[in-house]
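In what comes next, chain A is part of two complexes: it sits with chain B in the first one and with chain C in the second one.
Right after this comes the complex of A and B.
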């Protein structure tokens, strides 16, 4: 039977994007920014970040919550980019080689992360967050001490003055926007990166197709109830590891797409920012720790970035201080993560209490 | 052939294809720096004077070079063709000389333009 549609239910389940839309409806006119400028910014930012946020969908399907461990994939992508820049590659081949280099690294890191998360079932989000910190140490060790000493780096411009270790920031002169500009069309003075959106569309289709496969169905079953899935003969742990590997791999490609759009690498910070940012964007799009769709990704990236662009100007025009608008945006955007995690914890606790009550009733 | 062996063979084949693909992409996507020098060149018993009215056409925008000039051009891929347009200051007659440089995986080249135009077999400067 088709579930009955209720306006109240729809409003409650889409409360976060509605709040953000209302905020945007207020902030956009206050900012004084023109609609064509905002559209141009949104298109550029959607192309830059959608793939990164898309990487979070599969772990949610497998019931592993929001994968803070996606930063591992971003690290793998950055390692690929650093090596590609050192080898003097440019253009599309550079992006493809970076992706080829990042693939085994992200598969390895994804397996490691998935294995650890299997040991910490029920606490995946906080565990993946801490794995991100742990691997950040390993990443810094690799880039600060191994590159230039153990791993040969031939381009002296990339190295620190001491002779080893990669510089804090790097330009990507022959890589900047190669994917965006390879196939693009100009509509009303706006460059639309067709190929980048095509790549994102391919990944969206892959995710949609993946959900219909046997492994995709297994993941859904594992996400609904691990015990039942185990009883049905689904290899729960293997399926969960696979979900994290796919997420890490997409995050690796997402980071490469994002960096080519920006044209610079903030060697020791870029990957740290993407985790929190992508999760906040997904939640702003209306996703929860138990349910995320492709639509949430695009709505989230759009609204989240709209806030990024309009808040400082709105703050400046309203209060006379751009920084205050920015503080408000940070407070609201990242507060969403806290509220979402709180609701998730509350719901889990509620479910556990209900289960205990049912068990007690059964015993009596 | 059992399934496990077939799977492993497939995995090894995929890895080899990825490595070969990476190698090929590196070959076609590599940027090279070419330093062109328009000063006197002496080699193989001949002394070649610098060229006047010289214009270099590479993958980037054409550049004019005076005697004693040294420019840096960048090129992508396994080989590149440099075109030297030389206009005689007296007769105003122009001639064009094409030079194809096979670069492989080497990052930097240091070439003498008078040597290339003079038909020297080895127009490279020793770094």
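Right after this comes the complex of A and C.
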């Protein structure tokens, strides 16, 4: 109820990105890396990860917080990629077929995840993390035991020497950067992957448009107050499941885009870090468990990767130890989640306290 | 009325909350176009009866109900509010049923938005139609105008004064196309007489169109004014079902309580000291939507009860909200020569001020917590009271003491409950209001801002609450600044009454001044 437009208010609500920006302002010169190099890196990484992070926005809208459900979508995308590699596909058709394969899997997993999350309302973040953990088990079982035995894999190079199970990592020579390179322009010696950004833009527009639809409005209502939404006849549970399905779908496509950019698959690792990374990036971008915008996505991916790139070099130049920078990276990604959530909880508690004293607008 | 089947017929309704019977064998009919007044003491069971009709989840969650409900002669049993809505029943809830972060329009059109066709509808179905915001806003402006107020359709509910919230909730119900029965549960408790009149006129118009209306209010003159028939509940039993022509305020009140009620008025004592510099408010501006205060100056004397009256929207509610830091304020407020930090609720509390908000329903009550904790909470937070220190480090709630204090307030304010450990959520509206009063009294403030302190409280208990306020004023010397939309209430307890008009003090009169003089001030003459 305070004036929302004050400078102090703006600073507080953007505290996290501001802290990171200040840190970057200090670390970038320390690292000794050139600005054009950094810019190039950032563009490439924005193209790689924006879609993944974008997948978190819709569940936040539906009041389901920062949700690890997207990890399931990433798995689906990865399964699609493994299969197209086995089938010997390459180029754009490979990506499209992988997306096509990933779609039903993401919808199925999203439905499952949404269903479980409906049983654990208000504890979505933790619950989805645990679902991701278990589904990772299922994923490993599928790739490590079923593929090459029950599910036929024709390309022996993909298999472990024992004859079944997918190898730990695989290169994607025919897929590497096909989307990025298909249409790209050179600006100041940097390749800008126009088509990839166009795909990302389409999804952004879809999300913006989605918010203006009836279902988007229903999601907001469910996110803000389940009891009232339910009373008005909005199918709360269905709406929440839908939010998760949209999230897993975007994450599936996001993972495919990301893998083609990297050009390799770490069969058993690539998807695992995606959840933590995406949530951390979104938080760095200034989002909270209750509010996340498209701007938060891009600011977050940019700042997070900037820290990633400069901190090892900055660490080395400062203390003479690149390893320190490495630690810092890991520390940052986990730490930022904890700190942002703490900051957020503190802010909420503070507000709640004032409110309760004043008998004003306590929800629940 | 006629011999046809009644529009609504409730038979043998019985409801227990965990063995606590709150409704017993209620039989009630409603005809088309009839306005039925439902009255009863706080906790008599009015809201519960209506929640049963409307299929509110709380009823199922507590074991359902016994008895039958027939709509147009056909038996119905709604398992959720949406089913009731579909059958043509609308309800204005005593505790608002709005989404605070949504605008007026979004709330009014919740799940019945005006939408436009979009191509993707063909693939994914109707939920992908896009919202037509302009059309909705236009309709909202129209409906709200009909109610005689002026609310910007884009205002967020969380930023509205409580009367606007009420109107938003009412607008949502009356705008429904195929409504047959409308239940309005204490819609006027936060409205001034003029606002209430506009609402009553709308209800009458709806009734003339054939809508059956069940109207709940503690303002008995309103009941007599618009209702065709009056049903009185007492302790969950139906005591009287009578046409309104055959009753008057006095007899309704005695049916409600079970005994005669005398008139009440307090003696005006000149007990306050006219210390000029006790609390002085200078050039106060408060940015409260709908209740803005513009450049207001006011001197409050130590130990007095100062009333603040005025028409709705003139700013009388903004004063307390501004000083207590709920809405952005500018200007200067000095207490005994010390200037108060504005826009900081905690500082206001620490300076010895406390606030009973008119917006109880926005309920900063910790709804799921016990009555005891609610009363103790501000005391612990502001004064560090009721906490035991363990090893000088950890603080612990002093449970025994909390219970003691709570029990004393339950008795003093006659809060109807099963004990200090009952959760506030399970109390009736009026009893929740009493908890709000109790938690502020427990702070023993130096200055008490009481905005609509008797809101939703029945006429018997009203006297009780007012006399408790009077008592702390006399015994503890608490200075009270009371805001109310009922002039009669102000005149019965206050020493002086300031009338606010257009965000400024139009004049201050002694409480004994003739009613007409107040009326003139309110109109700004």
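Brief remarks on what is shown
Just so we're on the same page, the second predicted complex is superposed on the first by the 335 of 364 C-alpha atoms of A that agree within 3 Å, B and C clash if a C-alpha of one lies under 4 Å from a C-alpha of the other, contacts with A are read in each partner's own complex, and residues count from 1 in each chain.
Keep in mind that, in the parts below, a contact is a pair of C-beta atoms (placed from the backbone, for glycine too) under 8 Å apart; a residue touches a chain by one contact, two chains touch by 3 or more.
Owing to the predicted nature of the structure, the values given are computational and were not obtained by experimental measurement.
In the superposition on chain A, the chain among chain B and chain C reaching more residues of chain A is C. Of the two partner chains, chain B is the only one that A:87 touches; chain C does not reach it.
Contacts of A:197 after superposition: neither chain B nor chain C is touched. By the touch criterion stated above, A:268 is placed in contact with neither chain B nor chain C. Of the two partner chains placed around the shared chain by superposition, neither chain B nor chain C is touched by A:334.
Once the two complexes are overlaid on the shared chain, A:164 sits clear of chain B and of chain C alike.
In the superposition on chain A, A:230 contacts chain C only, with no contact to chain B. Shared-chain residue A:96: touches chain B; no touch with chain C. Taken together, the two structures place no residue of chain A in contact with chain B in one case and with chain C in the other.
Partner chain B is touched in their complex by these residues of chain A: 87-94, 96-97, 100-101, 103, 154, 174.
In the complex of the two chains, the chain B residues touching chain A come out as 18, 21-22, 25-26, 28-32, 76, 107. For chain C in complex with chain A, the residues that touch the partner chain are 56-57, 80-82, 85-86, 97-102, 106, 110-113, 115, 118, 126-131, 158-159, 287, 324-328, 343, 345-346, 349, 355-357, 359-360, 362-368, 377-378, 381-382, 436.
Chain contact summary for the complex, chain A toward chain C: residues 1-3, 209, 212-215, 217-218, 220-221, 224-225, 227-234, 353-364.
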